[in-house]
Amino acid sequence: MTKFALLGCGRIGKMHAATISSAPGAELVAVYDPVTDAADAVGRSFGCKVAKDAAEAIEMADAVLIATSTPTHADLIEAAANAGKAVFCEKPIDLDLKRVVACRKAVSGLGVTIQIGFNRRFDPGHRALRDAVQRGELGELQQVVITSRDPHIAPRAYLQVSGGIFRDMMIHDFDLARFVLGEEPTAVFATGSALIERDLETELGDVDSAMVIMRTDSGKLVHINNSRAASYGYDQRLEAFGSKAMLISSNRSPNELRKFDGQFTDAGVPYYDFFPSRYAEAFSNGIISFIESIKNGSKPDSTFDDGEKALVLADAAVLSKKLGRFVKTSEITGAVS
Amino acid sequence: MTKFALLGCGRIGKMHAATISSAPGAELVAVYDPVTDAADAVGRSFGCKVAKDAAEAIEMADAVLIATSTPTHADLIEAAANAGKAVFCEKPIDLDLKRVVACRKAVSGLGVTIQIGFNRRFDPGHRALRDAVQRGELGELQQVVITSRDPHIAPRAYLQVSGGIFRDMMIHDFDLARFVLGEEPTAVFATGSALIERDLETELGDVDSAMVIMRTDSGKLVHINNSRAASYGYDQRLEAFGSKAMLISSNRSPNELRKFDGQFTDAGVPYYDFFPSRYAEAFSNGIISFIESIKNGSKPDSTFDDGEKALVLADAAVLSKKLGRFVKTSEITGAVS
Amino acid sequence: MTKFALLGCGRIGKMHAATISSAPGAELVAVYDPVTDAADAVGRSFGCKVAKDAAEAIEMADAVLIATSTPTHADLIEAAANAGKAVFCEKPIDLDLKRVVACRKAVSGLGVTIQIGFNRRFDPGHRALRDAVQRGELGELQQVVITSRDPHIAPRAYLQVSGGIFRDMMIHDFDLARFVLGEEPTAVFATGSALIERDLETELGDVDSAMVIMRTDSGKLVHINNSRAASYGYDQRLEAFGSKAMLISSNRSPNELRKFDGQFTDAGVPYYDFFPSRYAEAFSNGIISFIESIKNGSKPDSTFDDGEKALVLADAAVLSKKLGRFVKTSEITGAVS
Amino acid sequence: MTKFALLGCGRIGKMHAATISSAPGAELVAVYDPVTDAADAVGRSFGCKVAKDAAEAIEMADAVLIATSTPTHADLIEAAANAGKAVFCEKPIDLDLKRVVACRKAVSGLGVTIQIGFNRRFDPGHRALRDAVQRGELGELQQVVITSRDPHIAPRAYLQVSGGIFRDMMIHDFDLARFVLGEEPTAVFATGSALIERDLETELGDVDSAMVIMRTDSGKLVHINNSRAASYGYDQRLEAFGSKAMLISSNRSPNELRKFDGQFTDAGVPYYDFFPSRYAEAFSNGIISFIESIKNGSKPDSTFDDGEKALVLADAAVLSKKLGRFVKTSEITGAVS
C-alpha cells in the first residue's frame, strides 16, 4: 500500500482524493489545506487524517500529491523531496522559469520519484497515438496539429493569477506536442486575440484565443490552437500526420446517442463538459502509473524536466507574441540544456 | 455508338434520358410517351426524334429503355426483344408473376440482352460490399440486414396501383439481399403496419411499415425493414455480417458539412432527398454496364431472372404477412426453378 | 449506508463487489459462494466477512445481490425477501416460467424492493434514447431495431445450461425493446441458425445466430438480431425510428483513436471487448439506482415483472422458432396478465 | 446558349471541356492548344472546332476559358477582355504580382465578366459553411483552420515552375480563408520544411510541408497547413469556429462503405484521390455560376481581385518564411488597396 498525503483540497484536490481512494494499492492517509473547511470535508469523505500543516501530512505519507495553488508548488516539492517522499505535483511547477530551475537543482540527486500532472499523457487515446508514432506506424512523423478549447472561460479572478493563456492553458498542449514528437521544438511562433472577452487584453494583457506554430530541428511542424470557450463542450483533438498514415485522437462524448431528423443526421451529444469528466480515466491512469514508478523505481511518464520544458515553450510563446517573430527556445534564459 | 430509344418520359424516363445522353458510347435517338407533351419536352431537351408510337421508336434503336407504367412493361419487353433489340426495363417486370413467367418464356432463346433496372446493384458502395463478400473478406457470410426507408410517402393514387409495399418498394431490397447473399432465400416471414397513414390498411389493404426475415438453405439470415417516410432523408443502409468482418454500405449526404454546438456535435446535413440524387451515380453506372453487356454479349449484372426472383420473394412476403408464418418460395406458383 | 451481501463470487459477482465498494452510500459486508476459494478471494479483496452460508450473509445485510448460478436464483430471492431484505438479482429469474410465476406469488405482498439485473437499462446512451422517446422527441415511435452480438461464443459447458440463445442472450434485448417501446410486444416470430458452431443445433438444439420480429397491438414493429461471435468486438446498437426523428444509441470504444492510411480512413479501434467494459457505467448506475429505490421506497427501474415479461417473450420466441409462425404472448402459459 | 472557347487542352482543360459540354446553357464551340494533338483530341471528343490560334478561338466565343500554362494567363485575359468576351481563368493569374496588377489595370473598365478558377468556393460543403457564417449561425467567427494536403507530390518538373508551395498550392487555401472570413487577413506568418523530398529546399528553395498563421485587423485567427503528400487521399478540411458553434466541411469519399473487423471499426475507404474527383461538383457549379454571372451581368463569386489578393497573401507568406516574422500585407508592394 502506498500511503498518500494530499496537499490542497480544492476542485482538483478532491478529484485526486477520489482517484487515490479507488486506485488499487493506494491509500489516502492525510490531507491538508490552509482552508480548514475544505480539508475537513475531504478528510470526512475519505476517512483520513486532517493534518495541521503540510509538514505533518508529508510526514505520514510515502507519496505526496501537491494540488495547492501554483505559487506554493516549488516549495512543497522541495519539502516533500527533502523528506524522501515521492512527489506528484500538479502543473505548472511554477510560473517563473527561474524558480523552476532552482527547484530542479534543489531536488536533483535526492533520488525521489517526481511526477508532474500532465494528465493528457495518460489518456488512452492520446497515449495509443503516441505509442503508434513510436512504433513507426505513421512512417516518418511530419506534422502535429492540436486543437484544445475549454468549454467556458474561467472567472477573471482565476485568469488574473493564471500566468496567461500560454503558461496556464496551452502548457498542456506544449507538453502533449513534446510527448508525441519524440524530439524538442526549438522555435516557437505565437499570436493571440481577446475575442471572447474583449477587455482581457487591455485589462490583463492576456488573450483568450491563441495560435502557435513550432518547429523542431529536423523540420517537423506543430500547430496548436486554443480557445477559452467552445459552445459544444471540451474540444480536445490531437492529430499526428506521417508519411504512411495520419492518426487522430478525437473527442469523446458522455454517450453514443445519435439523432437523425429533418435538420441533422448523425448528431451526437455535446462532448464532455470539461477535464474532470473528459480525462477521468487519464487522471486515474496517471496515479496508477505514478504508484508503479515508485514501486519499480522507474522514471515517471511525466517528469520534472517535462514540466520545465513545457514552461520554456510557453515562455517562448509569450515572447514571440510580443515580438511577432519566431523565438528560439535557446533565447529563453535558464532553459534546460 | 449504341442508339437508344426511350419509352416513357415521366420522372424516371427523364432521368434515363439525361443519363443516356451523357454516357460515353450512347446516343438517345428516339423517345415515345402516350402523353405527347411529355415526349415532346424530352425530345426537345435532348434533340432527338419523338416517335409516333413505341414501335417506331424501337425500330430506330439498338437498345430500348422501358420506363413506362408497370402494366406495359412485359408487352414492350416482348416487342423490343422480338425486334432483336437489347432491352433495359425498369423494375418490376410485372406485378403478376404469371405474366412475368410468360414473358420470360416468350423472350428466352431470342438471344437479346435484357437488363432489369435494379439500380442499387450499381451503387459504388453496395457493389464494393458485394465484391468484398465474394472475395471472402468477411469470412463466411452469416447475416444481412437492410434498412430501406423512403423520405416521403407516395401519393395515394400511386400507392393504389403500386402492387403494395412488398412488390413496389421492398422488391429493391429483396434484390439487394440476393445480390449480396450469393444464394437464394427460400423461406420468407413478413409483417407490416399502417403507421404513417392509418387508413392505408383498411382502404388499400396495404401497409407503410414492414419487416421481413428470410432464410437461405444454408441457414444464412436476412432482415429487411421498410418505412414509407423517414424524416431525415432517404435511408439506405446495407449491412453484411460475416465470421471475419462486418461491412456496412451506409447513407450518403449531399455534402460533408458537420455542425457542433451546445446541442449537438458532428451533426451532418440530412441524407439525399430520394433515389434520383442518392443513386445518381448508380443510374449512370447501370446504363454504362448495360452498354458493355450489349457490346461484349455478356450477361447483364441484373437479369430478367433477377427480376422474376425478386418478385417471387415479394409474393412470398405478401402471403406470409397474410398467414403469419414462414412461407417457402417453393409455395409460390410459377417460380423459376 | 446500505449494507450489501453478495451471493455468488464468479465473474459477474466480482464485478458487482467492485461496483458496490465504490458506490457512494453502499458497503459490502458479506459474501458467500459454495466454492470457498472464490468467496475467500472476494472477501479478502474487499475486506468483508465470508459467510458460511447464504442465510448468514443475508442476515447481515440490508440488501442482497444474487449473482449465483441461475437455478438458485428463485430460491434465494424468496429467502432474502422473506427475511425482509431488498433484492438485486441477476437475470434470468429462472429459465422455467412456472418457477418464475411461483416466485412472484411467493414474494408479492412482502413489500421488499426487488430489482432484476437488466444492466442495459442503465446505460447512459440507451437510457437517453428511452427518455427522448418518452418525451415525444421522435414523434410517434414506429420501429425499434436492436443489434446485439457477443464478441466470442461462450464455452459449450456454459451453452449447455444457458437455456438457449433466446432465454440466455436475447432476453436482454427483449427487455430493452420493452424498455423503449412503452407497450408490450404481443406477437413474436423467431428463427435462427447454427452458423458459428455448426453442431450446436444437433448437439444442444440451440443456435448461435438468431433473428426475431415482434409486434405490439398498436402495430409497432421490432427487429432483434443476435450473434454469439462478432469479430470487431461487442456490438450493441439500439435504434428507435419515429415519425419525427430516428435515434441510435451506438457502440462505444475504449478510446477515440482514428487511423487514416492508404487502406482506410476514420478507422476506429475495435469496440469494447464485452459487457464488463462496455456496460461498466451501466452496472454502476444500476446499483446506485437500486440503492435510491431502497431509500425512497420507489419502484426500481427494472422490476421482477420486467424479468418475467422478458422471459415470456423468450418462451414465445422458442415456440415460434419451432412452429415457424407468429406466436402470441397469450399462448405462453402462466404469463403475467 | 453561351458559346465557350477553351484555351489549353491539358488535364484541367479536358475537365473543363467535359464540364462545359454537360452544363445546361453552355456549348463548347472552339478549342486551342499549342500542342496540336491535345487540341485535336479534345476537339474530336466534344465535336467542336480546333482553332489555329487563340485569337481565332476567342473570336468564335462569348466566353473564354483559359486553362493554359500560367505565364500565358495574363496575356490571354487581356486579349479576351479586349475582344469583349467574358473570361474564366484558372488560378493563378500570374506568379508575379506586378504582372497581375498591370493586367488588372488593363482590363478594368472594359466591363467584361472575369472569374478566377478558385473551384473550392463552389464546393457544396465549403459554400454551405460560408453561408452559415454569413447568416451568423456561428455567432462571431473567431478562428478558421484549414487542412489541405495533396495525395502525391507533383513531379519535379512541375514543382520547378510552380512558383512554390505558397503561390501554387496554398493559394487555394488563402482564397478559401478570405471566402469564409468576410474580412482581409493583414498579417501572415509562414514556415515550412522539405520533409517528403528532402532535397527540395536545397534544389529549388521550395518546401513540401508548410504551416501558416494569419490575423485580421479585428483579431480573427487563421491557421493553414499543407502537405504535398497524404497517404490516405486528398485531405481537404475547412473548420470555422465561432462563439455559438463550430462548423467543419469535412472530407468526402467515393462511397460510404465502412468496415468493422478485429483491427478496426467504422473504417471508411480512402478519400477521393485528388481534385478532379473531390471537386467534380465544384468545377461544374463554378461554370454554371459563371454562366449566370454573364447572363445577369452580376459580379462573379470569384473575381479578379480575389485572385490578386490571394497572391498578396502568398507573397507575404514567402517573405515571412524568409524573415521568420509576421509580415503585413501592406508590406507587399503593389497590393490592391
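Which chain is which? They are A, B, C and D, in the order written, and residues in each are numbered from 1.
Everything that follows uses one rule, which is that a residue touches a chain if its C-beta (ideal position, glycine included) is under 8 Å from a C-beta of that chain, and two chains touch if they have at least 3 such contacts.
Everything numeric in this text was worked out from a predicted model, so none of it was measured.
**Student:** Taking all residue numbers used at the subunit A/subunit B interface, answer same if over half belong to both copies and different if under half do.
**Tutor:** Counting which numbers both chains contribute, over half are shared, so the two copies meet through the same residues.
**Student:** Which chain has its C-alpha centroid farthest away from the centroid of subunit D?
**Tutor:** Looking at centroid distances, C is the chain farthest away.
**Student:** Centre to centre, by mean C-alpha position, how many angstrom separate subunit B and subunit C?
**Tutor:** 41
**Student:** Between subunit C and subunit D, tell me the centre distance in angstrom, where each centre is the average of that chain's C-alpha atoms.
**Tutor:** From the centre of subunit C to the centre of subunit D is 57 Å.
**Student:** Residues of subunit B touching 2+ other chains?
**Tutor:** 231-232, 244-246, 251, 259-262, 269
**Student:** Touch graph of the chains shown: is it line, ring, star, complete or other?
**Tutor:** Chain contacts: complete, every pair touches.
**Student:** Which subunit B residues qualify as touching subunit C in the complex?
**Tutor:** 139-140, 142-143, 145, 147, 149, 187, 189, 191-196, 209-213, 215, 219-221, 223, 225, 227, 229-232, 235, 241, 243-246, 323-326
**Student:** Considering only the defined contacts, which subunit A positions touch subunit C in the complex?
**Tutor:** 22, 123-125, 128-129, 132, 244-252, 254-262, 269
**Student:** Hey, which residues of subunit D end up touching subunit C in the complex?
**Tutor:** 231-233, 251, 253, 259-271
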